[in-house]
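Note that the chains take the letters A, B, C and D in the order they are written out, and that residue 1 is the start of every chain.
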Amino acid sequence: MSTASIAFDDVVAWFNLAAERLREARGYLTDLDSAIGDADHGTNMDRGFQAVLTILPTVPAGDIAALYKGAGRKILSTVGGASGPLYYTFMDRIGKTAEGKAELSGADFATALEAGIAGIQERGKAEPGDKTMLDALIPARDALRAGIDRGAAPADALAAAVEAAEQGMLATIPLVARKGRASYLGERSAGHQDPGATSSHLLLQAMADTFFRP
Amino acid sequence: MKKLINTPEDVVDQALAGMIAAHPGYIRVEEPNIVVRMDAPRPGKVGVISGGGSGHEPMHGGFVGMGMLDAACPGAVFTSPVPDQMLAATKAVNGGAGVLHIVKNYTGDIMNFEIAAEMARDEGIEVTAVVIADDVAVKDSLYTAGRRGVGGTVLAEKIVGAAAEAGADIATVTALCQKVQDNVRSMGMALTSCTVPAAGKPTFELGDDEMEIGIGIHGEPGRTRMKLATADEITEMLAGPILDDLPFKAGDEVLAFVNGMGGTPLVELYIVFNKLAQICEARGVKITRSLVGNYITSLEMAGCSITLLKLDEELTKYWDAPVNTPALRWGV
Amino acid sequence: MKKLINTPEDVVDQALAGMIAAHPGYIRVEEPNIVVRMDAPRPGKVGVISGGGSGHEPMHGGFVGMGMLDAACPGAVFTSPVPDQMLAATKAVNGGAGVLHIVKNYTGDIMNFEIAAEMARDEGIEVTAVVIADDVAVKDSLYTAGRRGVGGTVLAEKIVGAAAEAGADIATVTALCQKVQDNVRSMGMALTSCTVPAAGKPTFELGDDEMEIGIGIHGEPGRTRMKLATADEITEMLAGPILDDLPFKAGDEVLAFVNGMGGTPLVELYIVFNKLAQICEARGVKITRSLVGNYITSLEMAGCSITLLKLDEELTKYWDAPVNTPALRWGV
Amino acid sequence: MSTASIAFDDVVAWFNLAAERLREARGYLTDLDSAIGDADHGTNMDRGFQAVLTILPTVPAGDIAALYKGAGRKILSTVGGASGPLYYTFMDRIGKTAEGKAELSGADFATALEAGIAGIQERGKAEPGDKTMLDALIPARDALRAGIDRGAAPADALAAAVEAAEQGMLATIPLVARKGRASYLGERSAGHQDPGATSSHLLLQAMADTFFRP
């Protein structure tokens, strides 16, 4: 563990913590998805991250890229739904930016997140404000980049990113969904928090709790 | 939650095992959980596959067999399946003449099928895809996810499956599927919610005197909640937007499909069909084929959907063609 | 009460009208509310009719057609029809070779069919009757009304209809029906009550964690109420008494029929079938034919019944024979 | 109207009153049938007696036999279930004993009731104590006969019969059903009043309110 960079073990710790938190949040995420979707987001995420846990020991120690890509591939083949391909793409792109790197600096991490989010946008063709996970991820990405560019400590920049994700997540409540299953509800989708934005916030929070720690 | 299940986790696997046990001659199950026609792959025949979340039985697994699907990919309940399944199914049914993916228009289904198609193409298999998006309850727009794929999917699978069985090539089969999509419209409603087994409680709560109009097939709430109405009024509310949308015109011949959502008995579906027939007649639309029953369901939800498909000679011919699957069977 | 109906009074009439509209080639409706096979009477063919209260759809109206029933008499919901209907049906299908009445063992059905048979005989028509009483949940005794007729009825109608179609005479057809009755056993359970439309509220109240074992098909409470169990446990509770009763023995070949009560989705019925197949296998009983779906229902009740019929060559042959009705169709 | 005998118009009045009371009791009878049957007895009886009303004007005035037989035939073709054929047989047998009679004396009436009940027993093969309509009808029949034989006024004998029917009806509560749909419940049928015994009591009560009145 280091305050300056993310090591292989940090990423392993992150997957473990994320899996643990997703299990706890399973019912909550599914409840959110009941209101404007099909009541499976918690189950989907939990299934996927539990599956990821099974591959963690099989990844060659130190290969961060392989870790992210392997996890992404596991998510792809176990989650299904909309979130499966989206989080797969997210992980896969992060993995690609990590190729050849034993550690990720704050700047590397910001770049990785940018690539991951760009992947989600390419795959899902959603825009900010469509009431999707992007509404948590994009503000977080921007806050992280701003902090890093400003020379803030990575941990502080990441904390600000989580804060931005939380704001973004809450800001999905009044939105009328234009993408994903919630869009079928039209105006009735307003007044409910987006489940994907919520799981994205959870993943970022778990990052803040495992990356750049002393 | 009152269901004939063991644990939420094993619903899909055990139901599949039961299906295979009940229809041993038709279908086999292969890893990773795909339902494959017993005699697939058939050399030279275009493969037709579909898939989607479980909980819509008999769709899609019950439509695997002669004259309909070559394989189906069941996901977790209401969760689109994963690309590994679609890839495996594509390979299992590839007889060298290409494989058509019939995809219902949901973000998850679309993306998973897309990834699978890329993978299959990488392995040298010709793959086409047609997206079914027939639900008029959803406003269509470039900026949204668009209409859901619902009842029209069943009709597309039957008709396209018959063409593939008759030896049509991949371009023809694909164009035919698109033709079904272009001529089919649906809308559904719910009297009760359904309960996703893993969630353990109803997806939405409805008052004793309320109903949801414009629901999909995943327990997602509808466009509007309103006071319970009579079967005739409900049929009007569904048939009107369907007829106006295509639009279906006087003189058109249609296949009328009244579908139960899983918890509604046949006696009620026939009451809806009765009114639907009157509405069509009043508009000069002629019902020449019909289907009434539970074919694309939403677990134990009470409610129904109506689907109308404008027929021509080609569509009628393929509809009438023999089919031999667990859920649809005639002509053989 | 949440139903897709207009008024309780017109449920049966409108559902019948919808059935005719949906299946115009198969059936016609005649006064006083009987469903008659389109081409009846067929000279020289034994007529086969059945009937009972409505609310069990597709039974019996959905089984009218080639290779099954010649006519069906639907009563009010859960109320056995009246002799006028059975008499009219008997006359409508009489092709001069006699008419078999397949009667489910309920006091009302028995008495109304008896009176009708007397009337028909007075008019010179040869009438025989076989009583189906296959429900092992009911203790049989000389001093009670005896066992109810349930799932076995569907199998009897199919098999006997095939024999009549093949030209068997009235004595043969009657004996065959008795043979089905002698070799068939059933038992059912409910997760929820049903609501008779005219009554407007559930026939019985069940707690969220309760179920009824040994129910019939009229929403009558079962033999015992107990805590909700898993699908596997429930299947054991139904299959055990059925297998022990005949008894079905190692080496027997059976038709296994898992029936939904109307509100239970197919996915759950397949989970039950899965376990049933395991239980049969463990006892050495071989499932050689199967039927899974909603065929003899109890309005929107959630639950299922299991029926096992011991097969021999003759029964298997007639089961496999072509049938073309709204609800069962194969071989044509 | 006469205290000594039943005239054609009295029987018409009885059918009218019975139909009215059955309509009122419809929900109650169906509730009783829900507990141990199939929730249709009230609907069945109401449907049948409403249908009987339609034929009353068509019967030649004065022909009591035709009135009972016609009503029975109408019940047969509209009620269905177990109660249809049973009450048909009841009416039909009463009609037969009334043949050729312009009025029914107390003794005639007792004989008619005996014939009607014998018809129910032949048709349904139930015994007293099986928890059926017979458990109201048989005590009533016996009380009526005893009163008439004792020389009581017919109205008093009939009042006693109604009283006996009520006792018989209430006495069905603890019984375990051996006939009809309630028998499927076995021991669980105990503790509930039989719907058919209840409708029989209602019909007898309506007789007491229309026959042998001053």
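As a convention for this text, a contact is a pair of C-beta atoms (placed from the backbone, for glycine too) under 8 Å apart; a residue touches a chain by one contact, two chains touch by 3 or more.
Quick caveat: nothing in here was measured; it's all calculated off a predicted structure.
Asker: What chains touch chain A and also chain D?
Answerer: Joint contacts: the list comes back empty.
Asker: Both chain B and chain C are touched by which chains?
Answerer: Touching chain B and chain C alike: no chains returned.
Asker: Measuring centre to centre with C-alpha atoms, which chain is farthest from chain C?
Answerer: A
Asker: Could you tell me the distance, in whole angstrom, between the mean C-alpha positions of chain A and chain B?
Answerer: 32
Asker: Just curious, how far off is chain D from chain B if you go by their C-alpha centres, in Å?
Answerer: 55
Asker: At least two partner chains per residue is the criterion; list those residues in chain C.
Answerer: Within chain C, no residue touches at least two other chains.
Asker: List, in ascending order, every residue of chain A touching at least 2 other chains.
Answerer: If we look for residues of chain A contacting two or more partner chains, we find none.
Asker: Line, ring, star, complete or other: which describes how these chains touch one another?
Answerer: Drawn as a graph, the chains make an open path, so a line.
Asker: Given the complex with chain D, which residues does chain C contribute to the contact?
Answerer: Interface residues on the chain C side: 32, 53, 75-84, 106-108, 111-112, 114-115, 137-139, 143-145, 148, 196, 198-199, 203-204, 216, 218-221, 223.
Asker: Can you name the residues of chain C that touch chain B in the complex?
Answerer: Interface residues on the chain C side: 2-7, 11, 14-19, 21-23, 54-55, 57-58, 62, 191-192, 208, 211, 228, 230-232, 234, 256, 258, 262-275, 277, 287, 290, 292, 294, 297, 299-300, 302-304, 326, 329-332.
Asker: Chain C touches which residues of chain D in the complex?
Answerer: Going through chain D, the ones touching chain C are 30, 34-40, 43-44, 47, 76-86, 88, 123-124, 178-181, 183-186, 188.
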